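Structures incoming, each one as structure tokens.
One chain, subunit A, links the two complexes that follow: it is found with subunit B in the first and with subunit C in the second.
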Partner chain A sequence: MLKFKYKGSLLALTFVLSIGMIWPVHANDAKAPEKAVVSGAVDVFGIAVDEQKKKSTADHSKFKELQVDFKDGPAVTKACISCHTEASKQLHKTKHWNWDYINADTKQHLGKKNVINNFCTSVPSNYKFCTACHIGYGWEDENFDFTAEEKVDCLVCHDTTGNYKKLPGLAGHPNYKTMEWPPHSGKFRAPTDLKQVAQAVGKTSRATCGACHFRGGGGDAVKHGDLDSSLTTPDRYLDVHMDAKGLDFSCSKCHTSDSHEVAGSRYQPTAVDDKGTLIRGSKEERNAATCVACHGNVPHFGEFAKMNEHTDKIACQTCHIPAYARGNKQTKMSWDWSTLGKMDDQGHAMKIKGSDGSVIYDSKKGDFTFDHYVVPEYQWFNGEVEFTLADTKIDPTKVVKINSFKGSYDDGKSRIWPTKVFRGKQMFDKGNNTLVVTSLSDDPETALWKNFDINKAVEYGMKYAGRDFSGEVGWVETEMSWPITHMVAPKEDVVECHQCHTENGRLAGIEGIYIPGTNTTPLLDKLGFIVAFLTLIGVLIHGAIRYFMHKRGG
Partner chain B sequence: MLKAVVGFITGIVFIGIVGWNMADVMMLREVESPYGVEETAARIQRNMQSLSANGWTLSGLRNPAKAVANSGMNVPPVLLVEGCSTKYSGPILKNDATRILSILMPCTITVYKKDNGKTYIGLMNAGLMGKMFGVGDIMAQVAKDQEIFITFDPKKPAPPLIKTSPGGGGGAGGKASDGC
Partner chain C sequence: MAERIYIFKRFERFWHWSQALLIIFMMLTGFEVHGVYNIFGFKAATELHTIAAWTLVSLWVFAIFWHFTTGEWKQYIPTLEKVDAMLKFYLTGIFTDAPHPFKQTTVSKHNPLQRLAYLFVLAIINPLIWTTGWFYLFYGSWENWGFGWLSLEWVAFFHVIAAFMMLIFFIAHIYLATAGHTVTAHIKAMITGWEEVED
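Take a look at the complex of A and B:
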């Protein structure tokens, strides 16, 4: 129903419409302009390179070690570690380097190289492609030397020029020769000027972290929904902390690092932090990337103090992130692999675009759906995530949860969290009832994206990963969830009371909790109506008696 | 006599209260769309183009939510699809008595997302508006066309969104355009 203010007069209606007419905004404005990639001392990542140089105690362009025409990335790293002697050794211990992680609570063996997802599904047999987002050089197969110090890529995190890009298919290297990119586009990318990039290194930034994390799932905004390139130079409404003209937080402001190990984890998230503020430099072994770590346990004051009574059951993000993908970037919401392989009339692979220009069908990949300004799905979450791994038996008649968020009202350690739930339909081994590793990109004989033969691609992928394969590929529906923690809105844009405390409100369907306005008790409702009705009857009878008594008396 | 007057006034008040509370439903309609905001807007545009025989042309596509976002606030997506038919607008604009109704032109259909994540279409009740302002016959035709605008064929693929500029170039005496 429309709000009261719209009711009544036609003039009011036309006034509202006429305001709409004078807004000089068109849908082709919907895409935020990409930051121009330029070289030299120019504002590329929200801060001028010259400005950064002024703040730094070291001007790397003056170092003789960096005044060299480097032939490749490892040569740059050798120069870096000639001064920063321990850097590579530190990096070698991190998740960013190993893509390998054992959850201490669940004992599950996780990490990017081990898990299966419902985007491009798996890393093994696709290393050259996937490792464009590895902080190393040359990981093209399982024989990669994880102890080689020169293979750590310093530049991908410390570049300030915006000219350093690791392209898919090059096993983590930038291009050293002129290269057509994107493939078959007719556009050519000049060789990376490693000397220029190396001489301009600086602190990490939203852009350097975002080079991979904004592009999870293979493209801008695709995977997470709350991380995309609109956060490179965001406005206040998009993220109150990262607002480029305001607080201007870099990622590392919350995701602090110690010996290059960065705080925060998708494999073992911190769902509840009730330990109060965390003083920077404190030796407490806690995740620094939580709201409470800065805002404390009692963050609301004055007229908003009532909100502190919600924090024992509701994550901060539930109210403070009203929707994700708010930066006019479309995030992928579903991916159906089972429809791949359709060709156009000439028998060529094809792409079909949707109304907004997003590719909604690709012969290599199947069907997609996208959305923006997405209201999250809410669920209890206590930080424990159980993954369906390559050897986990699945029931293909049901939707398989790639990662299950654990938690409930009564476990004493859960909060209601906003999440993005990504829905897929992907390959599985029909004989063994397991998810599968699929060869997508690297091997010319079997790669799905080159041959469109799903059986051959899965057979090779499973053999490559050393997994048993029955030889029969089926399709199974899957779900994968991510907690939403970025794109924090300013306080005036938080989720309002009535958005939850109403029939079919945002938290309708959350089990185990009574939400006034959302949950009803039919018996109580009926009793209330009966009492109100009887009261009305009583008033009428009372009034009638008084009237007639007055008449008789008068 | 007094009873009759009181009854009459009570009746007017009652009708007034009912009318006041029903006004939004009577003048505006809201319909849920099975598609996202962009695809819904694009399908409306395509349907509007399919009625070119009735004089319909696209006049513009506006994004008021973007303007609000630019001023630093969060609002869900809204797209205004604008179209005009000279077959219907001509007679209204020709007449001094009805020319003021140009304030309702071009015909605007709004597509927006609500807090429940669903997409909705908002339209004016053209038939009722027409009756109220003495152009009932013309607006009855517009109402029929509106129904076609919002009837979607799921078998047809999603058409591209046409990011057309608002029509009517040049102001009074300026270059003629297809739209209003």
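Take a look at the complex of A and C:
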């Protein structure tokens, strides 16, 4: 009887509960088509590199033009452009060639040959050394001919052998003779087999891009934090897209190119892309190297649908790259130039290694610190970067920002981005309050790394760059920000909700944003719980009086 | 002599208890989302809170339908009559076993204070908690709805205020449930539907 009586209620409960459970699931179904877009992108782009090689219609080893013993790099290029007639002209227009760039929005004159950073600081007067990472041959001084077609280095990007290496000091050339490398190591590099390299040219790869971009700042992993040689053959954990056994993306999958102009820029990054997927055939002139360009504006579905409501404030990278330098390589975190020049007991320049094998002191360069698996520092960023240029007046009593990421909560075009902030202490012109160009490597008389005299080095560097120098060198603390966008973790390793939604979480200190769960209304909470507590005390007292009065009353 | 009257219909009892469970659960998960403590973890707490919210919405669809079709909504029409007598009863009479100033009937099952309290819940707390909760849930659609100017901070602020009011109501409500002619009389009535009323 009792059973029968409550059957109706039970049925109703089941009904209501099932509607409650189904409702949110159905609410998410509207987003299901996004899933198809993502998996479609994978089908189209996920072809393995080896297969692509097989698909090439040209076997370069069969070309007569390449069956010769080349005397040097430019000779190879001449052969290349005898067929690829427009290639050099295309490259002549790129940042890769000019190291010169004007930001159309800020009008700042940037580019590698102009900016001063807080790693090796400056290129002018150090061309022979620095241009080991230039896509050309022979840029050793101001007189380099930027119109010379044969001086474009095709091989450094299109090598597939791994045997082609441009060495610092050779002004962008590989070694054509046997050469001791690294210097004073007792190891020798055989002359580069240009014929072999030329006959095996192919598409760019993580290895070719990485030959320079993994080694920015003077060594593997030093500069970016999210780019190092661990990405040559990464596993899924390190980068879900570049996973060598999985999707196996090359850099150019995202950094697409058109007439050798490669998508993506650190001078004018795309901090916010809300334009949805970039469909093939689209005539839109926009950066293809964004997450949204493939994944669209609404990339999460099912149980992760709520994440779509984070994208108005948070860059994809903030959750999907939980740390940088995740590939077991140590990235440089700070560089103090002011301690350079200390010698060992015999008066020789020295390098001191830390417990993990990283060089933490170098007489030529000062003190370094390193780290890996680093939790990024987060900043509002709208894509505008303002640089402290060679002629910008600085306030040496404060930390000088080599570059400032612009953006804020309420400008309507910013997202919270993960960044690596690289901290340094470097030389500046104490009289003029400007950063300085320093002669480091090339000039035998003044180069810092040969003479260890900072005054002579700066004096020469400034003269070389045609800048006014007061004659007095000081040391100033500097910071430089790098957006973190590579080393994208698989979904099971992303930043967890509670890592931000907690008191003193990852985004603590980010201004202007309300993050639930971060104890942001302490006054209200205190007041609310006090009133609730007083209510409880009140009813307990009331109840106690009732109890005792009742008892007394019998 | 006591008379037994059937006050709470089957659906009403079902509504009351399932709503009670859902509200307790939503307070538990809600204050976790707000960052007061850590029980389920933030992700699970938000998901459970959301599921409970949708379940409560469904329950309310039925409850509203039921109230209108049965005319029971009239039970919440406020009256100031005998409010002073009720207050006096809770402040003194209840301690001396004085007779209850309100006689429950099937057409008038809430005493005047109850009517006022439930009306406060219906007219103040619920609209506040539902509206802010709805906006909270559909944060991503504000722009499309023309509410781009809203700030999550204020939506959350009023949602939390409403939650505290609900918590306070909850404490008082549970206590007053023991204020029948015996401690368990009201609670029994809410389970079986039958209330004993004095002649």
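In the analysis below, the second predicted complex is superposed on the first by the 479 of 554 C-alpha atoms of A that agree within 3 Å, B and C clash if a C-alpha of one lies under 4 Å from a C-alpha of the other, contacts with A are read in each partner's own complex, and residues count from 1 in each chain.
Everything that follows uses one rule, which is that a residue touches a chain if its C-beta (ideal position, glycine included) is under 8 Å from a C-beta of that chain, and two chains touch if they have at least 3 such contacts.
Being a predicted model, the structure only gives us computed values, none of them experimental.
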item: Subunit B versus subunit C as contact partner of A:Tyr373, first or second or both or neither; value: first
item: Which superposed partner A:Asp258 touches (first subunit B, second subunit C, both, neither); value: neither
item: Contacts of A:Cys497 with subunit B and subunit C, given as first, second, both or neither; value: second
item: Which superposed partner A:Ala532 touches (first subunit B, second subunit C, both, neither); value: second
item: First, second, both or neither for A:His550, with subunit B first and subunit C second; value: second
item: Which superposed partner A:Ile360 touches (first subunit B, second subunit C, both, neither); value: first
item: First (subunit B), second (subunit C), both or neither touched by A:Arg326; value: first
item: Where subunit A meets both subunit C and subunit B, residue numbers; value: 8, 13, 17, 20-21, 23-24
item: Residues on subunit A engaged by subunit B in the complex (per definition of touch); value: 1-2, 6-8, 10, 13-14, 17-18, 20-21, 23-30, 235-237, 322-323, 326, 328, 352-357, 360, 369-375, 489-490, 492-493, 499, 504, 506
item: Touching residues on subunit B, where the partner in the complex is subunit A; value: 20-21, 23-25, 27-28, 30, 36, 38-39, 41-43, 60-64, 66-67, 69-70, 72-74, 76-77, 79-80, 103-104, 108, 110, 113, 115-117, 124, 129, 132, 157-161, 163, 165-166
item: Subunit C contact footprint on subunit A (complex, rising order); value: 8-9, 12-13, 16-17, 19-21, 23-24, 303, 306, 308-309, 312, 496-498, 501-503, 514, 516-521, 524-525, 527-529, 531-532, 535-536, 539, 542-543, 545-546, 549-550, 553
item: Residues of subunit C defined as touching subunit A within the complex; value: 10-11, 13-14, 18, 32-36, 38, 41-43, 46-47, 50-52, 54-59, 62, 90, 94-97, 139-140, 151-153, 156-157, 160-161, 163-164, 167-168, 171-172, 175, 178
